[in-house]
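In the two complexes below, chain A is the common chain; its partner is chain B in one and chain C in the other.
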Partner chain A sequence: MRQNIEVDALARVEGEGALYIRLKDGEIAEIQVNIYEPPRFFEGFLKDRYYQEVPDITARICGICPVAYQMSSVQALEAALSVQITPQMRLLRRLLYCAEYIESHALHIYMLQAPDLLGHDSALSLAAVAPDVVRQALRLKKIGNNLLRTIGGRSVHPVNTCVGGFYRWPDVQAIRSLIPELEWALEASKETVRFAAGLAYPEFEMDYEFVALTRPDEYAIYDGEILSSTGKKITPEEFEKSYIESHVQHSNALHSHTSDGNTYFVGPLARLNLNFEQLRPAARQAAEEAGITLPLRNPFKNLLARAVELVEVCDVAIELCRSYQPTGTSHAAIQLKNGEGAGVSEAPRGLLYHRYIVDEAGKIRFARITPPTAQNFAQMEADLWQFAPRVIDLPHEDATLACEHLVRSYDPCISCATHFLKLTIDR
Partner chain B sequence: MSKPKVAVYKFSSCDGCQLSILNMEDELLDLADAVEIAFFLEATRRVLPGPYDIGLVEGSITTPHEAERIREIREQVRFLIALGTCATAGGIQALRNFTDVADLAHTVYEHPEYLHVLETSTPVAEHVKVDLELWGCPVNKYQVLECVSALLQNRTPFLPTHSVCLDCKRRGTVCVMVANGTLCLGPATRTGCGALCPASGRGCYGCFGPAPGAEFATTARLLQGMEHFPGEAALLMRNISGYAPEFRSAVDMLLEGGKS
Partner chain C sequence: MIVVIGIGQTLRGDDGAGIQAVQRWQAANPATASHPQLRVELEELPGLSLLDRLSGADAAILVDAVRSGAPPGCLHRLELSDLDAFRPESDSAHGWGVAETLYLGRLLDSENLPGIIVLIGIEAGAMRLGDALSREVTGALDQAAAMIEASVSELLFTAD
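Right, the complex of A and B next:
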C-alpha cells in the first residue's frame, strides 16, 4: 500500500533537514524539503563590523565550504572598495579553492552519496567490504585538507584570506612538497571517474535550467560571469535582478526562482554542462573515456560531474603548485571609501553570491548572501514531484531511500541555506 | 566487553566540528573500530538505540525545540562533551545576545511569524550538565581524539589551558603586536589552534575562547590603546567567543569606558 514518506532527519547532508511526501486518496498531495536547521542571522551580524572581519565571519556559515564563503565575500568587498588584486594573488586563491574542492568532492562522492548507490548506510559500513575504496577516499580528502592547511593554516575556517589578498604568502617549499601527493590524487581522481561511471544511477531526467559561472579561458570556479543554459549571460552585479528569492512557511531558508518564475539548478551538473569546453585535457579525456555524454540531466549524476571536476582541480592544483613563486606584498593596500560590490564564486555545491555596502569608515552597512543550496531547494521539490510518483509503489523503505538519495545527490548544505535572509535593518 | 557507544549531535552550527571528526583521515577507521558509532547523522543513516556512553554535541542552543532536545539527549548520554565554541560559549550565533532579536527578526525576515527562535544563543552548559568542554572554532581534531582515547583508557584527558602567546614563543613566531602593532587576542585566548593567526602574520581573533587565568581587562585596555579603527578592540573580543563570560565583561568594561 502507498504510504507517506516522512524522513524526520536527513542523514549524510550538512545541516538539519527533513523530507515529507504526503498522500491524499493515494495520490501525492504535498512535498516539502523542510529546513528545520535553526535560522542563523549572519547578514545581521555583519552589519557594523569592519570589512576585514567579514571573511572570518562568513567562513562560519559553513564548515564544509568556508573557502567559498571567503572567496565570494572578499571579491564583493574588493569590488566595493575598488581594490585590484595581483595575478599572483588570484592564482593562489584558485589553488586554495582547488583544495576545498578536493576535500569536499572526495567527501561527497565517497562518504555521502556513494553509499546510496552501493547499498550502504555509510562509508564506515562500506569500509568493511571495500576498504581500498574508502582508504582511497580518505587519502584524497587528506590531500585536499593538507593543501588547505598549507595555504590557510587549517582546513576548516582557514585564517590566511583577507580583503586585498592574503595575510602572508605560504612557504614555497611547503607548497612544492605537496606535488607528489597531488600527482597521486590526479590518478586517483581519474580512477574515481571510472568508479563513478560504473555505478548504476536511478533513471530520471529533468529538463533543467542550469546556471553556473563561466569564463572563456578556464573552468570557472573562483570568478566569472553568470551563464544560464537558456543562453542568458549576466555580470555578478546583475544577479539579484535575474534570480529572485522568497520566504516560504515550511523552511528557515528562502527559495529561489529566475525572474521568469522558473526553478533552476546550480552545482556540479550545471558547471559541467555549461563549461565542458573549458575543461583541461586531463578532465576532458577522463570524461570521454568514461563515455560521459552531455548534457547530463540526471540529478543523481551530480556524482559523476563531481568526479570529473576532481580530475580538473587536481590537474590545476599541480600546475599552480609548480608555478607558485610569490613576489612582493601578499595583500593590496586598502583606501577606505563608500562603496557597493557583488562577488560570485562556485562553491563545491553551486553558485554563491555575496553583496555588501561599506561606508567611509570601513564598516558594513548592508550584506546579502545567496548560498547554492537555497537556490536549489525549489528545484529539489520540483524534482520530487516528478520522481516520487515513480517510486511511491516500491516497498516503503526503498521509496524513502530513493527520495532521500535524490536530495543527497544535490549535496545540500542546509546549514548554509538557513541564513539566506534579507537584511533591511536601518537604525 | 562491548564497544562503547558514541553519539554525535548537531545543534545550531556550521558542521565544522563534525567535519573535524570526519577529517581524521588517518584515524577514522581505527576510531570506528574502537567505538560503536551509534548516532552520527552527518556520516551515517544507521541509528542504534541509546543510551550512549559518549555524546559529542556540536552547536549552540537557539530554539525552544533545541532547548528541549538537549535535555532529552542528556538523559541518553553518560558522558557529554560540548564540542567547539558554539557548544561551549554560544559561538558566533551568540552575537544575537547583544542585540534585540525580536527587532532583528522583524526587520530581517519577510515573514518572521514563520520562525521559532530563542532570544539568545547559549552554550550547552546553560541547559544541562556538561562533563567536558572542548573549545575551538573549529575544535582541534587531535583534542577530540585525545578526549575519546582518555575516556576509553579511563584517564583524564590532557588538555592544556595556557594562552596562545606561549605557542607563538614555542613556534618561534615573532610577536605581531610588538613587531607590527597588530591587534592580537593571543594573550587572552586558550591554546589549541597551534597559534595559526600570528604565524600567518595577523592577530589572533579568539576562536578557542578565553584562556583560564589570563589578564582579560589588561589585554582589553592594551588592545584598545593600539586600535587602528575606532572600537576595534571591543569587536575583536566580541566575536566568535564573545559570549564567554571573561570576554563579555572585558568588552563591557571597554564600552563603559571604565577603568576597573
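Right, the complex of A and C next:
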C-alpha cells in the first residue's frame, strides 16, 4: 500500500530540514523539501558593518565551508573597492580553499553519503564493520583542518583572510611540514576514487542544466566566469540577471531558477561535467582509471565527482605548499570609496554568490548572498517528482530512505541556505 | 595530562550549561583550574574534533547538557561505560553528539582515548535558539562546578 513519505528531521545533512511526499488517491500530489531551520538574517545584520568585518562574519554562516564565504565575500568587496591582490595572495587563497575541500569532501563522501550506498544507517555502524574506511576519512578530514589552521589560524572558522589579501603570511616551515601528510592524502584520495567507483548507485538520471565557475587554465574553485551547460557564459556581475531567487512558502530558504524559469544544478557534478578538461593529470587519470565517463547525470554520483575533486585539491595543495615563498606585504592598501561589487567562488556544495554595496566610510549599505544549497532546492524537488514514483511502491522504509538519500547526495547545507527570509504577512 | 572540556551552544538555551558550568568552576577554583597538569577547553560544537581534543590525555572530564527525562538542572555523573545506555542519536543539528563521537573513538582509536573519561551531565530544559539558561539550570551551576572540582581533584590526586 502506498503511503506518504514523511521525514521530519533529515539526518546526515548540515542544518535542519524535513522531506514530505504526500499522496492523494494513491498518486503523488505534493513534494516539499521543507526547510525549518530558523532564518539567520545575515544580509540584514551585515548592513552598517565595516567592510573588513564581512569575511569573518559571513564565515560564521557555515562550520563546514567557512572559507567559501570568505572567498566570495572578499572578491566581491575587492571588486567594489577596485582592489587588486597579487598573484601570491591568490595562490594562498587557492591553497586555503583546497584545505576546505579536503575536510568537507572527506566528511561527505565517507561519513554522510557512503553509509547510504553501503546499507548502513550511519557512519557509526559503518565504522563497526569497516573501521579502516572511517579511519581514513577522519585522517583526511584532519589533514584538511590542519591546513586550514596553519593558513587561517583556526581549524574551523579561520581568521586570517581579509579584504585585500591576508592579515599575515603563514609561516613557510609550518606550511612545508604539512607536505608529507598531504602526499598521504593524495594517495588516499586516489583510493577514494576507486572506492567510489565500486559503489552501486541507484539508477536515475536527469537532463540537468549544470552551472559552475570555469577558467581556461585551471579547475575553477576560487574564481572564474559562470558557465552553464547550455553554453551560456556570464561574468559574476551578471549573475542576478540570469539566476533568480524567489520565496516559497514551505521553506525558510529561497529557491532559485534560471531567468528562463528552469531549475539548475550546482555542485561537484556540475563542476566535473563542465571542467573535466581543466583537471590536472592526477585527477584526470584517477577518473579515467576508475572508468568514469562524462557527462554524469545521476545526482547520486555527486559522490564520485567529490572523490575526483579530492584528488585534484590534494594534488594542487602539495604543489602550492612546495612553491609557497611569500615576499612583501600580505595585503594590499585600500582606498575607501563608494562602490558595488560581486564575487563568486565554488563552495564544496556549489556556486556561492555575494554582492555588496559599500559607502565612502567603508560601511556595508547592501548585501546579497546566494548559497549553493538554496540554488539546488528547486532542483532537488524536481528530481523527487521524477524519482519518487519509481520508489513509492517499495516497502515504506526503503522508499523513505531512497528519497532521503537523493537529498543527501546534494550534500545540502541547510544552515547556509537559511540566511534570509522574506517575510510576507497575509491579512 | 587531564583535560576538562565544556561543551554546548551558548546561544541555545540550556545547551550552554556545560560551558557555563566549566566557567563557573574556573572562577571559583582558580588554583585547580590553572594546574600545570590540566588543560581546559570550551567547545560550542566540537563534533568529530572532540576526538582530537581527547587524544593524548590520560583522563578527561566532559561537561555537557544532557536529556534523560529528569527535571532540568538535575546533575549526572557518568563513566564512559554508562554511555552505552545512551542511544547513539542526538538532537545536535549536525548529527554528532558526544555519545556518538566517543562511540566512534572507541571503535576506531581506542588506544588514543584517555583511560578515564567522566561525563558530568546537566539535565537541560528548553534549548531554543536565542534563549539564555533556564532558572533551574542556572541554579544548578554552583553544584555542577563543585562536582567538576571534586572530579578534577580526585584525578589530580590519583595522577600524583
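The working rule: the second predicted complex is superposed on the first by the 419 of 427 C-alpha atoms of A that agree within 3 Å, B and C clash if a C-alpha of one lies under 4 Å from a C-alpha of the other, contacts with A are read in each partner's own complex, and residues count from 1 in each chain.
Criterion: contacts are C-beta pairs under 8 Å (C-beta built on N, C-alpha and C of every residue); 3 or more make two chains touch, one makes a residue touch a chain.
Note that the structure is predicted; figures quoted are calculated from it, not measured.
> Once chain A from each complex is brought into register, does chain C clash with chain B or fit beside it?
clash
> Does the superposition put A:390 against chain B (first), chain C (second), both, or neither?
So A:390 meets neither chain B nor chain C here.
> Pick one for A:167: touches chain B only (first), chain C only (second), both, or neither.
The first partner, chain B, only.
> Can A:22 be said to touch chain B (first), chain C (second), both, or neither?
After superposing on A, A:22 lies clear of both chain B and chain C.
> Touching A:11 in the superposition: chain B (first), chain C (second), both, neither?
both
> Go through the superposed model and pick first if A:49 touches only chain B, second if only chain C, both, or neither.
first
> Is A:63 touching anything from chain B or chain C once the two structures are fitted on A? First, second, both or neither.
The answer is both, since A:63 touches chain B and chain C.
> Is A:322 touching the first partner chain B, the second partner chain C, both, or neither of them?
Neither partner.
> Could you let me know whether more residues of chain A are touched by chain B or by chain C?
B
> If you stack the two complexes on chain A, which partner ends up touching A:141: first (chain B), second (chain C), both, or neither?
So A:141 meets both chain B and chain C here.
> Just chain B (first), just chain C (second), both, or neither: which does A:337 touch?
After superposing on A, A:337 lies clear of both chain B and chain C.
> For the superposed three-chain arrangement, which chain B stretch in 96-104, 150-158 or 204-212 runs into chain C?
Residues of chain B that run into chain C: 150-158.
> Can you give me the overlap between the chain B contact set and the chain C contact set on chain A?
Dual-contact residues (chain A): 11-12, 14-16, 37-38, 63, 107, 111, 122-124, 127, 131, 134-135, 138, 141-142, 145, 155-156, 415.
> Chain B touches which residues of chain A in the complex?
So the residues of chain A in touch with chain B come to 9-16, 36-41, 43-45, 49-50, 53, 56-57, 60-64, 66, 107, 111, 115, 121-125, 127, 131, 134-135, 138-139, 141-142, 145, 153-157, 159-160, 162, 167-168, 246-247, 249, 252, 361-362, 404, 415, 421-425.
> Show me the residue ranges of chain C that touch chain A in the complex, using the header's touch definition.
These residues of chain C touch chain A: 45, 47-49, 51-52, 88, 93-95, 100, 103-104, 107-109, 129.
> What residues of chain B sit close enough to touch chain A in their complex?
For chain B paired with chain A, touching residues are 10-20, 22-23, 25-26, 28-29, 32, 37, 41-46, 62-63, 65-66, 91-93, 95-96, 99, 101, 104, 107-111, 114-115, 117, 137-138, 193, 196-197, 199-202, 205, 207, 229-230, 232, 235, 239-240.
> Any idea which chain A residues touch chain C in the complex?
Touch list, chain A to chain C: 11-12, 14-16, 37-38, 63, 107, 111, 122-124, 127-128, 131, 134-135, 138, 141-142, 145, 155-156, 415.
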